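Chain nomenclature is as follows: A, B and C, assigned in order of appearance, with residue numbering initiated at 1 for each chain independently.
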Amino acid sequence: MANEVFMPKLSSTMETGTLLQWFKEEGDSVETGEPLFEIMTDKINIEVEAYDDGVLLKKYYDIDDEIPVNQIIAYVGQQDEVVPDTSPGISGNEINEEKELNESAVEETSVRIEEQSKVEPSEDVRATPAARRVARSNNILLNEISGSGPKGRVHVKDVNQVLIQRNDSRATPLAKKVSKAHQVSLESINGSGVNGKVMKNDVAKSIDRVSRVDPSIQTSQKRKLSGMRKVIADRMQESVNTAPHVTLTSEIDMKKVQELRKNLMKVVESHTGNRLSYTDIIIKATGEALSRHPAMNASLNDDEIVLNNSINVGLAVSLDEGLIVPVIQDVPSKGLREINDHAKRLAKNARNQKLQEDQLKGATFTVSNLGMYAVDAFTPIINLPQTAILGTGRIQEKPVVVDQEIEVRPTMAVSLSFDHRAIDGAPAAAFLTELKQILENPYELLA
Amino acid sequence: MEKTFNLPSHITTDKLKDLYKQMWLIRYFDEKVDQFFAKGLIHGTTHLCVGQEASAAGAIAALQDIDKITSTHRGHGHCIAKGARTDKMMAELFGRVTGYCKGKGGSMHIADLEKGNLGANGIVGGGIPLAVGAALTSKMKNEGYVVLCFFGDGASNEGSFHESLNLASIWGLPVVFICENNQYGMSGAAKDMINIPDIADRAGSYGIKGEVVDGNDLVEIINTVYDAVEDARDGNGPALIEVKTYRWKGHSKSDAKKYRTREEEQEWRSKDGIKRFKELLIEERVLTEELAEELQQEAKQEIEDAVRFAENSKEPSIDTLLEDVYA
Amino acid sequence: MRELTYLEAVREAMSQEMRENNDVFLLGEDIGVYGGAFGVTRGMIEEFGPERIRNTPISESAITGGAVGAALTGMRPILELQFSDFITIAMDQLTNQAAKLRYMYGGKGSVPMVLRTPAGSGTGAAAQHSQSLEAWVAHIPGLKVVQPSTAYDAKGLLKAAIDDDNPVIFYEHKLLYKTKCEVPEEPYTIPIGKADIKRSGGDVTIVATAIMVHRALEAAEKLVKEGIEVEVIDPRTLVPLDEETIVESVKKTGRVVVVHEAVKRGGYGGEIASMIAESEAFDFLDSPIKRLGGLPVPIPYNPKLEKATVPQVDDIVEAVKETIRFK
């Protein structure tokens, strides 16, 4: 029997993957371990290898298709084996698969190439025309519905019931909450999750969809919101919609950081081959400040505030495709040299799309640096489920008053956004003050 | 001359020559149609009035231009006599867009409303009530026209005949019923289907005049119809005139004529109304042999031209299919 | 506003048209001093005289054909057939003449006539005086078919029918003659081919004609007590049929009951049901299209049997529930 090829679930949060390319065509022979296709998840691009030897019998999806995890996307088997014309759905549904295969074996001797609708109600289901129409437009298989009519005939009422249930059980609690708060019907929302599960983002999108479209704006090109961009969009939307953001700003005298950097530059470079950056120092200082203010190193999961033991600082790296946040684990235990080494490697891997899954996991706090631009301050958005994020602007020579004298000092504006559900203003302010003090007296980092 | 013929004043010498030519037009038209049917160039069915030319030409000659006729399935002669163009008629039989009915009516449905021809009719007896209705219009609107209603011996057994004669009679309508008794309703001989010698006698049942005329005597037909028409025009109600005639051809295209004998056909052919009228006109010096021949050839040529016109005409576009179902 | 009975509304429409247009006249059996079999024309002969209120002999073929002939030549006759059952005797003139002349003649001529006739059971008049044969005429291209259910509709539609240049068969329901509603005094037209939503509702569409409109409305009142909201559509004209209004309603409700008094087998409800099934409304159907019609028997004399022959209010209630029930 042919072996299923399915969309792997590469992380606990992964619900769908986007197909980037096929390395094999139908009819090509495949060896176990050979890359079969490449996908993009919410975090990374990855090549998926074949689990079985044989021939690629059938591909059900094309490039750019967004496919739920565990969905059967291809079959590998022996030449001339018969497989279904359309994806039988979720892998592991043995009975269904068996049935489909037997049925098609009777009907067909070879794989039909022609394109078919992904959801085709089976012919022998008794259903009213209206029920068929509603099922069709909602991608519901009629044979999954128990009809209330004579001899199990499916009526539109039955389909609607399934729709309501689906919206009920297939919407995240958060999505339900948001939809309720905004009085938005879940039925009208197309879920982006597995099997159309409605995510909070979907609700959020539907809420302000109306206000977004402005026909008077002329566009030069349109790009589908997909892949990483879509993930970012969803994440940001989710954060803004759920976490009440408060942003504190402060101005930090970077004179001593400048000195420290200058002094350590050669030492670090000789070890790592990289120039020590302000960011490295800021990460180190942040890790130090977090260790002194553990409340800022928290995650908010549903109704629980989790104080994290490890202090893992995510570093926002800007790529053409969007933003990616590799993680430097356990910052307080690392010296500037190590931090420099890790940070540069992660950034490089990110740019080459070579990040490993674990290099993207586990951040407890994020630093976003826009100091390379003419940006003084900004309001960063929290990377949920983290509860705070630090944004750093450029370092600028400014007149400041030091000991009753006006002096020109390199200063840097920092912004701390925190999730007010988990953190209140005072502890956040204390943390920011701590950070300011550390950066204005950075030598203690060497202690 | 007038004394000899004793014809109505509107029948001038020229009109007599026209009538002679007209009878040939009718004959040549139907003979041509017969040929084309045989060749398969005309489809459907058709009913020829060869041998009945004097009936059509004579009865209609009695009318004024404002008068109207209703015709039958055997109606080409009536149509020509009422002034229709033979080219447009032929085109209709060819099913061409230039035909009287844009190719949608065919042989049995040619109408020329402008000339007062309210149309042929494919239903035996179907046109009789229509003639009564048209006569009612004439009366109610005081239009002064008379309707000449043609039908055959077969139709005189239809209910519509009896109902219509009665209705026209009680309302005193200006309609003259012309029963062209050509001896056969399809294969049914009139003598077998009607148990009185003269259909004209049925008029008495409805309180109207009934007359019998020789269908090959053009002059008698004109005079008899003329008197009835003018009587009706004067408000004296309808009349029924039975024209005894004979169709030389079969009922329609596929008639083996098993119901009658060659001898009988030959006997009627010998009474040919065209020949008889020609002899009369020559005798009365209206025509010479040469002139008669010339008129006959003109008629023949006109039918040839009609055929050419029809052949060169376009078929109706399929787009016109749904047109004219409703006004 | 003043109220008129259906019968008075029909009479008023005719009288107003006759005052405006001398070409409009009435013919039929016993329509003179008798006032028509149901009294519709009562008083009209006194106003318009026997020339324009033409009492006819019992000759349905001749009077129908007479109306056709009069219409073809410039009149606008209104023909009253005493009982719609008698349309059988007029059928040749309607089907083969009135409906076809214009098309057969290639778009020449028109037949602006109205044939008014009372239809339906409920009077105890038994098999030959109680039928609803509207499907017969609805089948014929060239005829228009109107079936008003209220006095208001009857007046407006009859004016439209008289003004129409085509033969219009205008069905009046005997049991509706005495029904009343508000009817404006001034003449007005309801376009032929426009359905009327007699009641709005979202659960089930009932398409009902003539008397069944009222029974459907009664049924709707009963059903609303059970929480079922019925939409009642009265097509008002069968030909042309306002398909859009019906389709839109079915798209809204997903369920439809078609009800008429005529025998269900071969009845016009089959046409309406098929039209729905072929339309975009198909995809909105959530239960089979339900048809209600008369049983396939001649209308019996006994009142209990007669009532059982044609759909009653409770039958409609039951049919609606059946379309809603899943089992």
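The rule is short, and it goes like this: a residue touches a chain if its C-beta (ideal position, glycine included) is under 8 Å from a C-beta of that chain, and two chains touch if they have at least 3 such contacts.
Every value quoted in this text rests on a predicted model; they were computed, and no experiment measured them.
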Report task. Make each chain a node and each touching pair an edge, then name the shape: line, ring, star, complete, other. Result -> line
Query raised in the report: Which two chains have the most contacts between them?
Result: B-C
Report summary line: Cα centre of subunit A to Cα centre of subunit B, whole Å, reads 93
Requested in this report: Provide the C-alpha centroid distance between subunit B and subunit C, rounded to the nearest whole angstrom.
Outcome: 40
Requested in this report: Give, as an integer number of Å, the spacing between the C-alpha centres of subunit C and subunit A.
Outcome: 67
Query raised in the report: Touching subunit B in the complex: which residues of subunit C?
Result: 23, 25, 51-52, 54, 56-57, 59, 61-75, 77, 92-93, 96-97, 101-112, 141-142, 144, 165-166
Query raised in the report: For subunit B, which residues count as touching subunit C in their complex?
Result: 68, 70, 99-105, 109, 111, 113, 118-119, 121-123, 126-138, 140-141, 159-160, 163-164, 166-167, 170-171, 323-327
Report task. In the complex, go through subunit A and note every residue touching subunit C. Result -> 128-133, 148-150, 153, 155-157
Query raised in the report: For subunit C, which residues are in contact with subunit A within the complex?
Result: 254, 282-287, 326-327
